[in-house]
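The data blocks that follow each hold one structure.
Two complexes come next, and they have one chain in common, chain A, joined by chain B in the first and chain C in the second.
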Partner chain A sequence: MLFNSIEFAVFAVVVFFLYWFLGRRSGRSQNIILLGTSIFFYGYADLRFLSLILFNVIINYLLGLSIRRCKSESKQQLVLITGLLINIGILCYFKYFNFFYDSIIDLLAVFGSDFAYSSLKILLPLGISFYTFQSIGYLLDIYNEEIEPCDDPLAFATYLTYFPKIVAGPIERAQRFLPQISHARQFDYQLAADGCRQFLWGLFAKVVLANGLENALNPIFDNVADQRASTLLVGAFLYLFYMYCDFSGYTNMALGISKLFGIRLSINFATPLFSTSISDFWRRWHISLSTWAMDYLYTPLTFIFRSYGKAGTMLAISITFFVIGIWHGAAWAYVAFGVLQAIYFIPLVTAGSVNQVNNYDDVLIPSPVHALKMLFMLCIIALAFLLLKTESVSGTLDYISAIVSADLFSRPEKFPGMLMMIFALFMLTEWLQRNREHALDIARIALPYRHIIYIVLLIMVFGLGEFDNSAFVYKQF
Partner chain B sequence: MNRDELSEAVKAIIIDTVKHDDFVMSEELTATDVSGWDSLSHMSIITGIEQKFSVKFKLKELNKLKNMSSLLDLILSKMQ
Partner chain C sequence: MKSFLAKSILYISAILIVHIIAGYSAGGAIDAYYLRFTSPPQSSLIIGSSRAAQGLQPSAITAVTGKDIFNFAFTAHDSPYGPIYLNAISNKIKPDSTDGIFILSVSPWLVSSSSSAPEDVSTFRERDGILADMTEFSMKPNFEYLIKNYHHGWLKLFRKTRASTQLHEDGWLEITVNMDENKVAARKARKLEAYRNNSLPSNTPSQARMDSLRDSIRLLQQHGRVFLVRLPAGQEVLDIEASLMPDFDAQMRSVADDFRLSYLDFSGCADDYTYIDGVHLYKDSGSKLSGQIALLIDNDMAADRASYHLCSR
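And then the complex of A and B:
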């Protein structure tokens, strides 16, 4: 049930009325409705793995309580390690079994083995990467005494299964989410209206831009060998723009829907295409994943390696991005994606400027230096994202080598001019609104002008948008 | 070293890490009050403090820090 489908529109309206009319008397009844509808939502999308997510809820609820009940540090560690092994074990089985299995067989083949095999057909449960990371973070926070374990099974189950974030995040922290559902929520018109605006902006990004860009880039990637170099260069940027519109569009819809129920989810994007360095980019792209990786991987690793100076920082960054890379999928191309990100960090680590924040929040027009840095970042990120598109290191290298040729400066055969004009307006709006939670945060604008903006966007959504197109790309991760 | 001297020395380490002094040092100061003091820079500051004062922290101790006051308390307890 995609956010941009008729089924979801009906579902959301039903949940909205159940939640605010039947459930308004107590937080508990509101949570029962959210849990029941979330289970329905998940089961509707993937009934086979409903039992898996419910197992995840039960086991992590009990592990959380067990960590706190243990008196000694060593017993707490034992329960924590058990919990981590269960969560990581389940994730590895469903997501990485075939990858490891195939890699071992390939390795044996290098040494002359002709072992005949066939990969097992293990299906990927919906949202497993997202809810597993939430569960791991929850257990680590309890162990580190940053939060108390949730003693309300209903609230905990609602936290892990909450339907706006179950498919593709944000990877929500318990300490941010649970306090919001510990009491009865009162309907907040301003918040709900802002949620509708955020949803509309996300819907526009998804159905007009992401789906349009996907249609434009697929013919390029389907037949790389026959394309001009200039067309391939355009294709690489189209894919980056597509990824941003698709994932930020999904996130804005998820955050917008959640506001209708009085619950704020974490911001996941902060105009990453305006980044001026690689560390700046990872502070702005998929923020809930990058902060998760920073807090639960990078920080402990830098703590462990802290006496090795810059080499320790580089090692911590490498391991962190290896995990971020492979989190995206079970293939060597994703590992290469992570390694490439770590390589991008080398100049910053060497110069000691990893922590430097590029502050251009109060300028209308970026300086030439900022603009050049942004352009450079767009180029190297587009290059890295080719690995995610081709899902192959050799395919990416072939693509790049095809770009470096004499007809790079020829006119590209495929260039979606109209779509790029709309995208440019979209990016201009995001630039002007970059200090706000989302680009359509326009409550301060006079009502008639706001209505004009809504009408223009709705006309574009229903006039130009494609609703029967693909699912959200991050759903597969 | 008294608390004020310690506070000044910690301030110098923070400035050296985040590359600016656009913050007011106080007992209530938190990382969110200092632009650039994020997950990436946090460990650089901690390592700087460990080296400067010849102390060793545990990760769990760092996770419990609430503000500058608790950081100074922790350093002083280690130095005794």
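And then the complex of A and C:
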């Protein structure tokens, strides 16, 4: 059930009325409704793995309580390690088993083994990467005494299965989510209206831009060999723009829907296409994943490797991005994606400016230096994202080598001019609104103008949109 | 809450009204299928895949036979012979009609299955096609179709003509493409590659589909006279089809014998026609072939016997 489908529209309306009319008496009844509808939502998408997510809920709930109940540090550690092994083990089995298995067989083949084998047919459960990372973060936070374990199984189950974020995040922290559902929520008009605006902006990004860009870039990537270099270059940027519109669109819809139920989810994007360095980019792109990796991987690793100086920092960054890379999928291309990000960090580590924040929040027009930095970042990020598109290192190298040819400066055969104009307006709005939670945070604008903006956007969404049921790209990760 | 609901209802109502208005203006330019679901039930039908959808022109047949005929052919993916297409056909026929003409285009692909269990109808490829979950085949505007199968914005619903693909009121799908020799050759090469690399390795002749073809004929013979037609195609395609089903013609003759109907085989004169991609007839050739078929039908209408017309140069 995609957020941009008719089924979801009907589902959301039903849940809204159940939640605010049937469940308004208590937080508990609201949570029961959210849990029940979330289970329905997940089961509607894939009934086979409902038991897996429910197992995940039960085991992490019990492990969370056990960590706190253990008296000694060593016992707490044992429970934590058990929990990590269970969570990572399930993730590895469903997501990475064939990858590691095939890689080992390939490695053996290098040494002359002719072991006959066939990969197992293992289906990837929906949202497993997202809810597994949430569970791991929850257990680590309890162990580190950042939070108390949740003793309400209903609230905990609601936290892990909450339907707006189950498919593709954000990777929500328990300390942010659980307090919001610990009491009865009252309908907040301003929050709900803002949720609708955020949903509309996400819907616009998805159905007008992402789906339109997908239609434009598929013919390019389907037939790379026959394209001019300039068309391939356009294709690489189109894919980056598509990824941004698709994922940020999904996230805005998720956050918007959630606000209708009085629950705020974490911000996942902060205009990443205006980044001026790679560290800046990862502070703005898929923020819930990068902060997760920062808190649970990079920071502890930096501490472990602190005696190695810059080499230690580089090692911590490399391991962190290896995990981020392979989090996206089970293939060497994703590993290469992570490695490439780590390589991009080398100049920052060398200059000691990994944590430097580029502040241009108050300027209307970026300086030439900032603009050049942004352009450079767009280029290297587009290059890296080719790995996610082709899902192959050799395919990416072939693509790049095809770009570097004599007809790079010829006119591209395929260029979606009208769509790029709409995208430019979209980006302009994002730039002007970059200090707000989302680009359509326009509550301060006079009512008539606001409604004009809504109507224009609705005309574009329903008039020009593509509702071809193409799934959100991050769903596959 | 009341204010929020009032505004939401206002916006949702406006969106619905615009969509309903757009639905009323939808025509043959919105996609390649819609009008086939809006026309009233028909006495005479053209059945088959995209080859028939593009190649057989009802107006040319009506001009000779004097009978209105409707092109109800879709694609090899959506409308191979099987329970789903049979259900669609039975819904599209005027229930009380008895003197219709039914042209059933046949090819090895339409009686083959691309599933690993070719005799299991529940695995047939058309399960996810446009006919699979339709219940209304003659409703104008057909909101069921628009909701299930039309995935674009409503602005395109107002479009009245399309440069490349225009579906006519009689169901004929007119394709206008650049017929430059190089362009045709490139399209043909892509098509042949798809046939060789995708279609041929994945398809297997299916007795269940043959049974459905027979069921279709049985149904249609209650409403008029049935003609089996093998449309012409480029020689390379016919060679691929021969490797998929070497005994295809023999099987069609057997069907014709069993049901005492005519089998018109135009595969022998492939070079008499022009194709946009080696498979689909260009519209001029489609008009010519439709006229030829109409003449054969007109001559054979009264016959109650099996006959074969083998086109050869």
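The definition used in the following text is that the second predicted complex is superposed on the first by the 476 of 477 C-alpha atoms of A that agree within 3 Å, B and C clash if a C-alpha of one lies under 4 Å from a C-alpha of the other, contacts with A are read in each partner's own complex, and residues count from 1 in each chain.
Just so we're on the same page, a contact is a pair of C-beta atoms (placed from the backbone, for glycine too) under 8 Å apart; a residue touches a chain by one contact, two chains touch by 3 or more.
Keep in mind it's a predicted model, so treat the numbers as computed, not measured.
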Next item on the list: Please tell me, clash or fit, for chain B and chain C sharing chain A in the overlay.
Entry: fit
Note to self: For A:279, using the defined touch cut-off, is the partner it touches chain B, chain C, both, or neither? Pick first, second, both or neither.
What the structure shows: first
Margin query: Touch test for A:467: chain B only (first), chain C only (second), both, or neither?
Written below: second
Notebook entry, point to check: Between chain B (first) and chain C (second), which does A:400 come into contact with in this model arrangement: first, second, both, or neither?
Noted result: neither
Check: When the two structures are overlaid on chain A, which partner does A:20 contact: first (chain B), second (chain C), both, or neither?
Finding: second
Margin query: By the touch definition at the top of the document, which applies to A:300: first (chain B), second (chain C), both, or neither?
Written below: first
Next item on the list: Would you check which partner chain A:70 touches, where first means chain B only, second means chain C only, and both and neither mean what they say?
Entry: neither
Margin query: Applying the document's definition of touch, where does A:84 land relative to chain B and chain C: first, second, both, or neither?
Written below: neither
Next item on the list: Could you tell me how near the closest CA atoms of chain B and chain C get once both structures are overlaid on the shared chain, in Å?
Entry: 35
Margin query: Which residues of chain B touch chain A once you look at their complex with the stated criterion?
Written below: 17-19, 35-36, 38-44, 46-47, 50, 59-60, 62-64
Notebook entry, point to check: chain C touches which residues of chain A in the complex?
Noted result: 6, 20, 187, 189, 192-193, 196, 454, 458, 461-469
Check: Which residues of chain A touch chain B in their complex?
Finding: 144-146, 279, 283, 291, 294-295, 298-300, 302-303, 306-307, 313, 353-357, 359
Checklist line | Complex contact set, residues of chain C against chain A | finding: 1, 3-4, 8, 11, 14-15, 18-19, 147, 151-155
